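Some structures are shown below for you to check.
Look at the two complexes coming up: subunit A is in both, with subunit B in one and subunit C in the other.
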Partner chain A sequence: MIAEHVAFGIIAAVMVASALRVVTTRDIMHAALYLVIVLAGVASLFLLVGAEFTGITQILIYIGAVIVLFLFGIMLTRSDFDQDEETDHKRKFPAILTALLLLAVMVGALVDRFEDVKLDANLPGGQTPQTTAQVSDELFSQYIVPFEAVSVLLLAALIGAIVIARREEGG
Partner chain B sequence: MLLNEMLLLGAVLFCIGVYGVLARRNGVLVLMSIELILNAVNINLIAFGAFHDTVMGQIFALFVITVAAAEVGIGLAIVLLLYRNRRSIDLDQVDLMKG
Partner chain C sequence: MTGAAVMSSLLAAEVPYWASTIIKLGVVALVIPTAALMLGYVFLMKMMSFMQSRLGPMEAGPYGTLQLLADGLKFLQKEDIFPAKADRTVFALAPLVVLVSTFLIYVVIPTGPDAVVAQLDVGIFYALAVSSLSVVGILMAGWASANKYALMGGLRAAGQLIAYELPLVLAVMGVVIQAGTLDLQKIVTAQAEGEIFGWGGIGNPFILTQFVGFFIFLVAVQAETTQPPFDMPVAESEIVGGYQVEYTGFRFLFFFMGEFGTAFAFAALAAVLFLGGWALPWGDLTHWGFNIAGPVILLVKVMAVSALIFWFRFTYPRLREDQLQRLAWKFLIPLSLVNIVVTGIFKVVL
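Now for the complex of A and B:
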């Protein structure tokens, strides 16, 4: 139990520090690499609470595919003539204020409602892993229609991205 | 482990993402901040799924991951088109539809 707390604390601290670097660093490439640390931290949290399939999917999709997309996006849009292009707004104060107010409201509500609720309170034998077999049973019976809808959405997004990014040939 | 540990971490990540969306001018960096927000939501879904001992949280998180992948694809295509037309992805200069 104490090992779980220590593991969570380390992962959470690394994630928050990296997330702050993602939104403050001036080098876009560094931001992408810090984003990898945050995404890996999210995946390890999923594994920590027993959501194995989602944790592995997180690594495959995000760190495998989305980060590569980001790196290509950075490489294709990096303007090499002015390296020190401004990445942030001049006045950051309204953004900081909005984020802090939102955080205060959310933390207040969460602490008020879930102050001492244990994550495995509903389970007599402690946390049990939610196996991939359970996920697939549920996904391909009750959620088959949303699953197919998401497949069509992905196809549409793929075609849409190609159409948008394609060079216009002679017109 | 407390449920609140996961939920508060999700809240902190969400707010960092919101700050990034508001304060960044570079299109790619704004998309990265949106990824932070979506991951914060996923943490909450997984935490409540584990709390209620149901795989529903995992399934919803999977749907969010899929839609996020589609969103990044479209978003980067738009940023790429913007760069090709304007030679810059500074979002402050994208004011063609400003009234």
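Now for the complex of A and C:
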């Protein structure tokens, strides 16, 4: 059990440090790359609690696709490494305030809900990790309605994106 | 002691967790350069030469077998040059990201009943996820080089990802539906123990039922490993090497190993998914001997798949980026969706 705690501590520290760098660095490309580290940290936390499928999905979707789109966008629109005027942290006090409020709300909610809950300490070692088959069984029986709702939502977003792109193309 | 006893005592020996991890990492770290060397020599140097009626390298070692080792040594001696305007940290890290992505794929490739670094429940899904990390490294290289050709190469690589990623994943779906698992080890056993209409003489390699998936997978792999005809991100004759243009010495060597190591890994994945992997359909699959024979069997299949990949590479002229997009979105993706539906219907009916 102690190994998991040490691993969690290291991952969490790296994530917090990188997350701070995402918002404090003035080079937007570096910000995106620090975000890669944060997202990889999330994936490793999922792996640490035995949620293999979720962890790998995190890597495939966020690092493999979302970040690549970020980088793609930055490379298309910026031309040099010069520090950008737009990233001069003009609104840093409202941003800090929002972040602190969010932190307070989330810590409050989590402590309120899980204060007395004892998680099974043997999960990573004794129990087998949650398998993909278990995930899909639950997804397509218990959670079928939310799953379908999300599918429709994504489809709508997809069609919306195409419509907007087409309209601008036509002028 | 008999061979079986030696083998089982070797495998059952209580090695501490950290020691077995280090051994496994060491094995993978040795396999990647070896794989890159083999593909580079057999196909890039010799097969291409023979297809073009020339001999290829003949001087270093018998039949030029040591040519790539000599090249590797040459790369290691070279100066580690950074362009003056480069973003140094990102520039230095980019080849490592590509190589780590390659390294991570090897972790799940099974080469025997016990000879696998990590048998993951999410197997093939993991392999496809980590393989997509290499694009981040390529984009880093393209950006940090402060060179317009490198930038264009990086952009092309990202555009190419949009084209091949979906067919690559969808092509595998048919196999996953048939085997009923994502675990590569279980996919191997499903093929070895499978039967064709009640006849188990050659097992049931999924290439027989999933030949459409095999074809789509190979095309997508060709694009993923930026082999011609889909080498637009490198394209020496257009953008003088793309994202690699500013790299020299051992950092260039990393890109080279990444490219050929990934080609080898994907050939191995194709061999595992469609050709039965390390197993032969005869005999006891849990027999210790497969831990020694398995890698050899797998290697034969990998070389066969690689021969196909490089055969395409040396045969077809380069496509344009938009032609690849059209090929992927108007042909490969619909075809793989049809393949999934048909496979699903057969899975339910049979």
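In this section, the second predicted complex is superposed on the first by the 119 of 171 C-alpha atoms of A that agree within 3 Å, B and C clash if a C-alpha of one lies under 4 Å from a C-alpha of the other, contacts with A are read in each partner's own complex, and residues count from 1 in each chain.
The working rule: a residue touches a chain if its C-beta (ideal position, glycine included) is under 8 Å from a C-beta of that chain, and two chains touch if they have at least 3 such contacts.
Keep in mind the model is a prediction, meaning the values are calculated, not measured.
Once the two complexes are overlaid on the shared chain, A:Leu35 sits against subunit B while remaining clear of subunit C. In the superposition on chain A, A:Tyr62 contacts subunit B only, with no contact to subunit C. By the touch criterion defined above, A:Met75 reaches subunit C but does not reach subunit B.
Contact with subunit B, but none with subunit C, is seen for A:Pro146 once the two complexes are overlaid on the shared chain. Subunit A is touched at more residues by one of its partners, and among subunit B and subunit C that partner is B.
In the superposition on chain A, contact is made by A:Gly50 with subunit B only, not with subunit C. Contact with neither subunit B nor subunit C is seen for A:Ala17 once the two complexes are overlaid on the shared chain.
In the superposition on chain A, contact of A:Ile159 is made with neither subunit B nor subunit C. The residues of subunit A shared by its contacts with subunit B and with subunit C are 53, 57, 65, 69, 72, 74, 76.
Across the complex, subunit A is touched by residues 1-9, 11-20, 22-29, 31-33, 35-36, 39, 42-43, 46-47, 49-59, 61-63, 65-74, 76-81, 83-84, 87-90, 92 of subunit B.
In the complex of the two chains, the subunit C residues touching subunit A come out as 85, 87, 90, 120-122, 125-126, 128-130, 132-133, 135-136, 139-140, 142-143, 146, 151, 154-155, 158-159, 161, 165, 181-182. Put simply, subunit A touches subunit C in their complex at residues 27, 29-30, 33, 36, 52-53, 56-57, 59-60, 63-65, 67-69, 71-72, 74-76, 80-81, 129, 131-133.
For subunit A in complex with subunit B, the residues that touch the partner chain are 1, 4-5, 8, 12, 15-16, 19-20, 22-23, 28, 31-32, 35, 38-39, 42, 45-46, 49-51, 53-54, 57-58, 61-62, 65-66, 69-70, 72-74, 76-77, 79, 85-89, 92, 94-96, 98-100, 102-103, 106-107, 110-111, 114-123, 127-128, 130, 134-135, 138-139, 143, 146, 150, 153-154, 156-158, 160-162, 164-165, 167.
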